[in-house]
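The structures come next, written out as structure tokens.
Look at the two complexes coming up: chain A is in both, with chain B in one and chain C in the other.
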Partner chain A sequence: MHMLARLALFATLIVSALAGPLAAQDQLPPAPYAYRQLEDPAQEAKAQELMETLRCLKCQSQSIADSDASMAGDMRNQVRLKIKAGEDPEAIRGWLIERYGDYVSYKPELTALTWPLFAAPLVLLLLAIMLLRRRFTRGVGDND
Partner chain B sequence: MIAEAGLALLWFAAALAVLQLFTSLMTLRGGDGSGEMGGIVRPAAIMQGPLVALSFAMLMWLFIRTDLSVLLVAANSHSAKPFIFKVAGTWGNHEGSMLLWVTVMALSGSFLALVERRLPERTMIATLAAQAFVSLGFYAFLLFSSNPFERLLTPVAEGNGLNPLLQDIGLAFHPPTLYVGYVGLSVAFSFAVGALITREVGPAFARAMRPWVLGSWIFLTIGITAGSYWAYYELGWGGWWFWDPVENASLMPWLAATALLHSASVLASRDALRTWTIMLGVVAFSMSMVGTFLVRSGILTSVHAFAVDPERGTFILALLTIYIGGALALFGARASTVSEGKRFSIVSREAGLVVNNVALTAILGIVLLGTLYPLLTEAFDTKVSVGPPYFNPVGAIFAFPMFVALAIGPLLRWRSDRFGRIGKRLILPAVVTVIVLGGALMFAPDIHILPLLGLGMAIGLGIASLVPLFGRNLLRTPLPTYGMVLGHFGLAVALFGMASESAFSTEKLVAANVGDRVDVGPWSIELTSMEPVAGPNWTALEATMTARYEDGSPVMLHPQSRTFTQPQQTTSESALSTRWNGQLYAVVGEEGADGRWQLRLWWKPFVPLVWLGGLLIALGGVLALIGRVAGDVRRGLQRRRIAMRRESKPLAAATTGPAE
Partner chain C sequence: MTAPDAPKGKRWAIWLPLVLFGAFFALVMNGLIRPADREIESAMVGKPLPVFDLAPGSPDRPGLATDAFRQGRPRLLNIFASWCVPCAAEAPQLDAIAKSGVPIDGVAIRDREEDLARFLARHGNPFASIGKDDISEVQLGLGSSGVPETFVIDGSGTIRYQHIGPIMDRDVAKILAEVERAEKPL
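Entry: the complex of A and B
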């Protein structure tokens, strides 16, 4: 009992110690490029296109380009900074996937786990053709 | 007392549904007294509508009075909420929206039992049995796991309020519209089951089902269009379609209903595609159930999922399994006994409609897979996201061939035709498409492939959709033909809006002081002032912007950063300025540390066409529906007149009949 209570106290202390700086961080001004576009319109277009395909991890079904959440702002800032530094959008996507997992990208990669997504269109097409093939006649007047 | 009365009415209605199911099954089985039993089926169905509607009215009354002794009201309403949102709050929550679903369903059941007399009575009884079976599941769901009338032991002093995002007039009427659509598909499903049971799959069945499919399709179209516009102006980031699971949940029934609508017209006119039509009927209703399941179970957490409750999800999942599994089992058992109907040549109007059906079904399959796939992989401990980079190109693979078929199909004759006959009429749309493609490439060389094809196709399709009217006597063209032309034209209009928005939008994000001037596209915008304002349950900082299009006269815009008090939440209220050639979209965000205001501005050329197109599509549906129903009524009256004449003058009718 005694030990548990001490553990609980310890945990509370740690949490409050962690929460202090975290709460303060929320008050800091947002990252410079969260709400600012890149000066070069071509670079900004590239960044925008990439941001629209990255998931805001704290939101519900929104891309980081469509969210007011502070985390989305941070990620926009990172993306814009990296684009500004001349990095390739797909490389940035890879870097984000490495950090946050596949979940962050709205663009599924072809892997052992996702191949059905890419096979589905073909399968559907074949299935439809097979189902309806026998409906067609070759000439006129061939009824049933 | 109001709450108890509402609950009692619901129980009565459920009991009548049991009676409806029992008597209709006994009638179908035949045997002693089945004739008298059959007489009960229709009245039992007819009575449910008013009972449930009254029950829903009770709930609405509770919300209007803000009766805080009722759990649902306390959890979702607030005494200081504007009146219209108290009314809309009735269905702005899980239980209320399910009651609304059941209300619409019971009213359709009443209407169906009251007016539909064209089908053989046995098929009708089977249809009403299926309808009762489906209703019973929903009654059970309401009564056992989502009672909207539950009381609190001690009333609370004040309610929790409604999610501010939902306190919007557009959204207030968005769910009911979709529900009417979903329920219409449940009636189509009942027809399909009825026809399967009695093996009466033919043109008469298709004609009886068609108005329901058309009606529900109109509501789905309007519902999706309105939902998209709501997301566009309310979420404050200028996007109008996110491939969000909840959006997909409403799109899937629409895709299935669109396919069903077209295949039912083949069945009605040509007695072909019988089993295919039945299958689409099952799929369409399954999709509306899947839609409800996805939204209501909270299995997909998204901006719209305001009900997160796995227990209910399990209940809906069980219902889903019973209905879809049962229907598929019946389909499997009976489909082989239904012949597929007449055949047709590969160049015929039927073939065009088959392309439409295949493409729509394929798109449906892709949307379904893309929506559910993240759930599947989560079971393998990997979270993936499927979004626009998947849906857009993969959907387009099927959509663009469908648009080509859409341009050609309506010009073809039924059964068999030659391309040589209609080739000349397609020259104009084809040439214009090529010109637009070339022009777009010249003026915007960086344009992406999908918007480029979209622009070209939209213009070509717009012209091609009107071609069926060329050379016709416009006064004698039947209303459903106008409906088709308008619906197809609306699709072209919407496609143009989508392509233009994604190709030509310009965005400006700036931090501005009061007095600063910002340019976006052809607009020049000055931040004139920032002032606090207050509403009934919110306070806001309102920007006044003076915007000029090129050198035109100034337009005032008032976007707000609005903070709701109950529950506390901040939303961006965008301000829009619409011109014939596009929309200016302005949002004001937070104040920075240096006292400057965060502004987000977009110029989106032709974006309103997305929703205008959606409305035109729905309007086309309305014309077709009016035309079909008027035709049915006219034919019904004619039949009755002939029957009456025969009765009064049997001999004369027999001798002079042919000469008349």
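Entry: the complex of A and C
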């Protein structure tokens, strides 16, 4: 039974692996800079750093540096072309945020909406210190 | 340390873990029953169309450039591809919209000419012009994150409305209403 189940699973995986690309993927070669690094290593390093903090819109838990989705490739191409043209990485991030909203960026930003996320750990830490201090001072009092 | 007869006021605390568990359970079930909306809306609605100039994707239709959207009348910009299954599903609805007099321009994402020709022959060609976008340049410029998507562009080239996913029968009225709204400038 186990063997059969495993075999069936294996067959399903193979079929879906073969059928997947036919169902919804383009046949076009990747964009020029999707998989090619920039000629200047310093520029490529900048591009790489930026691409690791940009969300792939097709595969939303990956960065565009991680993803093989063709749209991620096209986004890498745009990022590298813009870096090559001398644009500032943060300006390119801004360009994408202007189009897709904050969602496209993995870089944490301190805004009116997100400040509680940064404040909460500090508040909790302060609360813990206050509680502990009260507890310790009470302990001393009990001994007296 | 804790006496068996603890102060009565603290008795309720024994239910706290169960309440916490219940809250987490409800949260998880809610996530399973109603998954979060993962569609990414374009932030470009209300802004002018980015500047582009695409080569024709089909020999019997012209290519597509930004200027086509500055002729004083609203148009639809449809992002599609021959390799996209839902794009075939929305073909009859696009055809009906085109027949009702709203011009539709297509942007073919990462498509080969022969595939596109086969797709148009099979599902109909409601497009006034078709530009080919081999590197998703216009798609990224529009803030679109998939195929198919349809944008209503007003007569001055401003993006007025975005429809994500295939246009089904139930969406046609809404699209036509948005086109009518786009007749009036912002």
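We adopt the following convention: the second predicted complex is superposed on the first by the 107 of 144 C-alpha atoms of A that agree within 3 Å, B and C clash if a C-alpha of one lies under 4 Å from a C-alpha of the other, contacts with A are read in each partner's own complex, and residues count from 1 in each chain.
Note that in this section a residue touches a chain if its C-beta (ideal position, glycine included) is under 8 Å from a C-beta of that chain, and two chains touch if they have at least 3 such contacts.
Here the structure is a predicted model, which is why all the values come from computation and not from measurement.
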Please work out whether A:103 is in contact with chain B alone, chain C alone, both, or neither, and reply first, second, both or neither.
-> both
Partner chain(s) touched by A:114 [first = chain B, second = chain C, both, neither] | first
Which of chain B and chain C A:31 touches, first, second, both or neither = second
In the superposed arrangement, which partner chain does A:133 touch: chain B (first), chain C (second), both, or neither?
-> neither
Is A:124 contacted by the first partner chain B, the second partner chain C, both or neither?
-> first
Kindly classify A:60 by the partners it touches after superposition: chain B alone (first), chain C alone (second), both, or neither?
-> both
For chain A, give the residues common to its interface with chain B and its interface with chain C.
-> 60, 101, 103-104
Per the touch rule above, chain B residues touching chain A in the complex are 235-237, 239, 242, 244-246, 272-273, 276, 300-303, 305, 339-346, 350-351, 354, 358, 361-362, 365-366, 369-370, 373, 377, 380, 382-390, 394, 397-398, 415-416, 507-511, 572, 589, 592-593, 598, 600
Partner chain B, residues of chain A touching it in the complex = 29, 35-37, 48, 52-53, 55, 59-63, 65-68, 101-108, 113-114, 116-117, 120-121, 124-125, 128-129, 131-132, 134-144
Touch list for chain A against partner chain C, complex = 23-28, 31-32, 57-58, 60, 70-71, 74-75, 77-78, 96-101, 103-104
Interface residues, chain C side, partner chain A - complex = 38, 40-44, 81, 83-85, 109-112, 115, 134-137, 139-143, 145-146
